[in-house]
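In what follows, chain A forms one complex with chain B and a second complex with chain C.
So, the complex of A and B:
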């Protein structure tokens, strides 16, 4: 009896979680005229792919998507390299100033991002990077949270492994690259997912520095559409659906690593 | 030779962080403090006013509107999200529940949408006449289909809180689940032997057991809520909604700095926000006695 109630509650919340997303998927195939006629689902034969063609006709949607892929891809790669390298140094070396650096990292994470918007805009302006993808990528080259994540997981790599590699004649970078990186695959997967989601969804900073529509990323491009094509709900939902898909695909690809990475962090934590 | 290599290596490996911190961390922090002492128009023209921006801000009714809205959102989100996510985590932590992983995935899944695309989706869900929320409330409780969530001042913040609830409850639940799994099961057995009921077990075993994570989630959610921007901006546009009902602190910062061109005032708003967040975090840590426990 108690268990029935528990299942009831769990199922109810599952429905509340899923309904908006199912509605998004249905609405992407719903004709604009049917939005008023059918609150949830029109009869299956009234579903249409017209929204997608109108989406591609109305705006350079593919362009936005390529821009988003470019910015997110480069950012994740650069962040992955610098964060894992830094995390490795913090995990496996004793050196003067380590405590200072860790303290600075913690302090950086405490400061709310919006505090830096004005000076960052000024800086990017003077570097002549306004309205460029570089202006999106450069300020976020190092991910402090990622460095903590890598430090946490790399601490568990045995020192004997590093020592053995040194005896085999590896230099310190080769140890990082050929010994530590290969055994860090789970945390790399987890990091890529987290970093990709962060960049893919980033809105405020691109909204501030991007100006020409052919450089817009998906969030900015789609939001622009709201103002200009106000009544085309179907196309808006089609665009949102397509924008969300890459994250979902990546999540399913990296799911195992994601969970492994999180539990590793939790066990060590 | 190897010795000296392993001595310089960590510095080399950390140099990208140090370099990028100096350029995009330390410099903007200092520059932002200086900037907050100026009235500017665009990145070039500047006029020194000392603490004038802060003095003006304290009497700026729009700033206080933004503060009230942001605080309402923060309190509303935290008060609704935390008990709900903790409750769900406790249910999913029971060993007699089948399909736990499926439920976990479902509750977490709104996070895959992300904040921005959730906002675009909810723009239509909250719409009058054809929006899903009104349709649902109409079908269940016979409420009118014409409720204009985003253009009725009193309903704007509840609507934003609702979206945040949908988006983040599952995320917080993951933290709580991890914490619950760390609670010593022997304590529950001992409590059962002592005759403690479910409530007593919750108060005396579960809550103390997950206290560090609970504090962590409360502080982080509050700090995060105080930086609300995307939801309000995407759902309400530049104008921040009817009667400024959706004006948040970061949105006010954006309006002044990037629509109005006064980066100096924007910086002052930013530091005021940082001060508020810091005070809030300290108060919350004090109230919950997080600092005392470690001694």
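So, the complex of A and C:
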């Protein structure tokens, strides 16, 4: 009985979570005339793919998508490189000022992002990176949250393994690459997914930095469709659906690694 | 085999997938470089439909003049922020830019010589365009005698109503909608259609500054007056608020106005289901109704707004867009030529825009285009263009200000407070309360304005 109630509640919450996604998917196939006439699902014969063709006619959607994939892909890989190295150093090396550095890093996480917009803009402007993809990638190259994530994960790697690798003749980078990284795979998966979603959905900074439409990422491109006096809701829904899709697909492909990463260390052996 | 290969990867599947996506995208971008030469002029636009039209016009302009225009579509909020930053830093300023009416005043502050836009009055006079445009449509963009923006539109407000519900009801009583000349007539004669919780006579939100401004301008008032004078607490504003709030704040069957939302799906749903039978409708909103309330095809009609008092104004206005030419424009004369082409060009071009958006141009010369004289089946075959054109010269002026956003925010607070007060205390002492709230809101704005006493002073 208790089990049934638990499952019932879980199913209910699952439905609540899924309804907006299903509504989005259905809306992407609704004609504009039906958009408000049918609150949810119109009769199947009224569904249309016109919104998708309208979307690709109205804007260079494929280019926006490629821009997003490029910026997100490069940013995540660079972040992964620096975050894992930084996390390794913080977890496994003792050096002067380590606590101070960690304190400063923690402090930077407490500063709200918008506060940094003006100085960042000035910096990027002087670096001549305004209206470029590098202007999006460079400020996001180092991820403090990622460093802490990797530090926490790599602390659980036994020092004896590192010592054994040193005795076998590994240099410090080889130890990192061949010993520490393979045992950190779950956290790498989780970090990649979190970092990818953060970059993929990033809006404020790209909106400030990017000016030419051929460099727009998806959120910025989609946002252009919102006019003050007109809005093509159908095309917007189609665009949003396509924008959400890569993240959903990625999550399904990586869900095992993601969950393993987040629950790593949850059970003590 | 694949699983084993995957297991041998030191980083795992996630980075592999993401790196592959980045690599493929990078290759695509590399193989599809954007051919971008430096255009002779750059233009920022916030409306997607405008951008499409101007891109076509830019191609035509390029063929005729051998000069290129780079039209960039930028989101409404972003355009204001970017333009402000660009003007302050004198970096990356577009040669031409479209700005929404309510944001315009913020760009006209400071000594006239330091306003970021060119005074277009000499151009309008030189090319004999000034007389072609209704004078009131220039009020928003006129600052201390200089005209910093060309009006793209006029946006007269009419009343869009459910003809399938209202007309038969009035016919049974020997009346037509056109006979209801004042709001008093409208609410009295249609009262029988109003049922609490099921059907209301007008769509107005409880804290609706949008509707308040329409009613206020219809009565000759405004948040600001000529010269940036704040007048949101004058007698007209007090009377308008005292009249409007009870429409939504009365209880039971005495409540005649209600809303399910202004801009979201529930707004259309409410109209389709007959939850409210009429909405305040500027020209641009008619195209939205056609697009998103398709079920009402042939069931909607438009009439001039009922007046506040007999013989009063039968319209108001809401929204608008201006085109400005930056003072720093690389080639002001060329920019003017393009501005003239898209705003005061061929009547056919305006007619095409009207067919798409239902927005009427302020250029009288274009009003003869057939597009403005076609019956529209959605609107019971009414001739939409002629309806709006008939009101164009009566549209009241809208005066912008750099303090408009502040004033609108305080006005919203006052409206919500007045609604709450009427709900709890009724009509007893209501007018005095409205006056006190509006005065208090206006005093706040005046204090803000006083902090920058020289904002409109000349050096």
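Side notes on the structure shown:
By definition in this document, the second predicted complex is superposed on the first by the 244 of 269 C-alpha atoms of A that agree within 3 Å, B and C clash if a C-alpha of one lies under 4 Å from a C-alpha of the other, contacts with A are read in each partner's own complex, and residues count from 1 in each chain.
Assume contacts are C-beta pairs under 8 Å (C-beta built on N, C-alpha and C of every residue); 3 or more make two chains touch, one makes a residue touch a chain.
All values derive from a computational prediction rather than experimental measurement.
Aligning the shared chain A places chain B and chain C in steric conflict.
When the two structures are aligned on the shared chain, A:201 is found in touch with chain B, with no touch to chain C. After overlaying the two complexes on the shared chain, residue contacts for A:74 are found with chain C alone; chain B is out of touch.
Within the superposed three-chain model, A:257 lies in touch with chain C and out of touch with chain B [touch as defined at top].
When the shared chain is aligned, chain B and chain C each come close enough to touch A:125. In the superposition on chain A, contact of A:100 is made with neither chain B nor chain C.
Applying the stated contact rule after C-alpha superposition, one finds that A:223 touches each of chain B and chain C. By the touch criterion defined above, A:233 reaches both chain B and chain C. When chain A is checked against chain B and against chain C, the one touching more of its residues turns out to be B.
Superposing on chain A, the segment of chain C with clashing C-alpha atoms against chain B, chosen from 63-71, 261-269, 387-395 or 423-431, turns out to be 261-269.
The contact surfaces that chain B and chain C form on chain A in the two complexes overlap at residues 35-36, 39, 125, 207-208, 223, 226-227, 233.
Put simply, chain C touches chain A in their complex at residues 10-15, 17-26, 28-29, 32, 34, 36, 46-49, 52, 72-76, 78, 81-82, 91-92, 100, 265, 267-269, 272, 284-285, 287-288, 291-295, 319, 357, 359. Put simply, chain A touches chain C in their complex at residues 31-37, 39, 58, 63, 65-70, 72-74, 76-77, 80, 125, 130, 177-178, 181-182, 185, 188-189, 192-193, 196, 207-208, 211-214, 220, 223-233, 246, 250, 253-254, 257-258. Across the complex, chain B meets chain A through its residues 2, 5-7, 9-11, 13-14, 16-18, 20-21, 23-25, 27-29, 31-32, 35, 43, 88, 91-92, 94, 96-97, 103, 106-107, 109-110, 112-118, 120-125, 129-130, 132, 135-136, 139, 166, 170, 174, 178, 182, 223, 226-227, 229-230, 233-234, 237, 249-250, 253-254, 257-258, 263-264, 266-267, 270-271, 273-274, 277-278. Touching chain B in their complex are the following residues of chain A: 3, 6-7, 9-10, 13-14, 16-21, 23-24, 27, 35-36, 39-40, 82, 85-86, 88-90, 93, 95, 98, 101, 104-105, 108, 110-123, 125-126, 138-139, 141-142, 144, 147, 166, 171-173, 176, 197, 200-201, 203-204, 207-208, 219, 222-223, 226-227, 233, 236-237, 240, 243-244, 247-248, 251, 262, 266.
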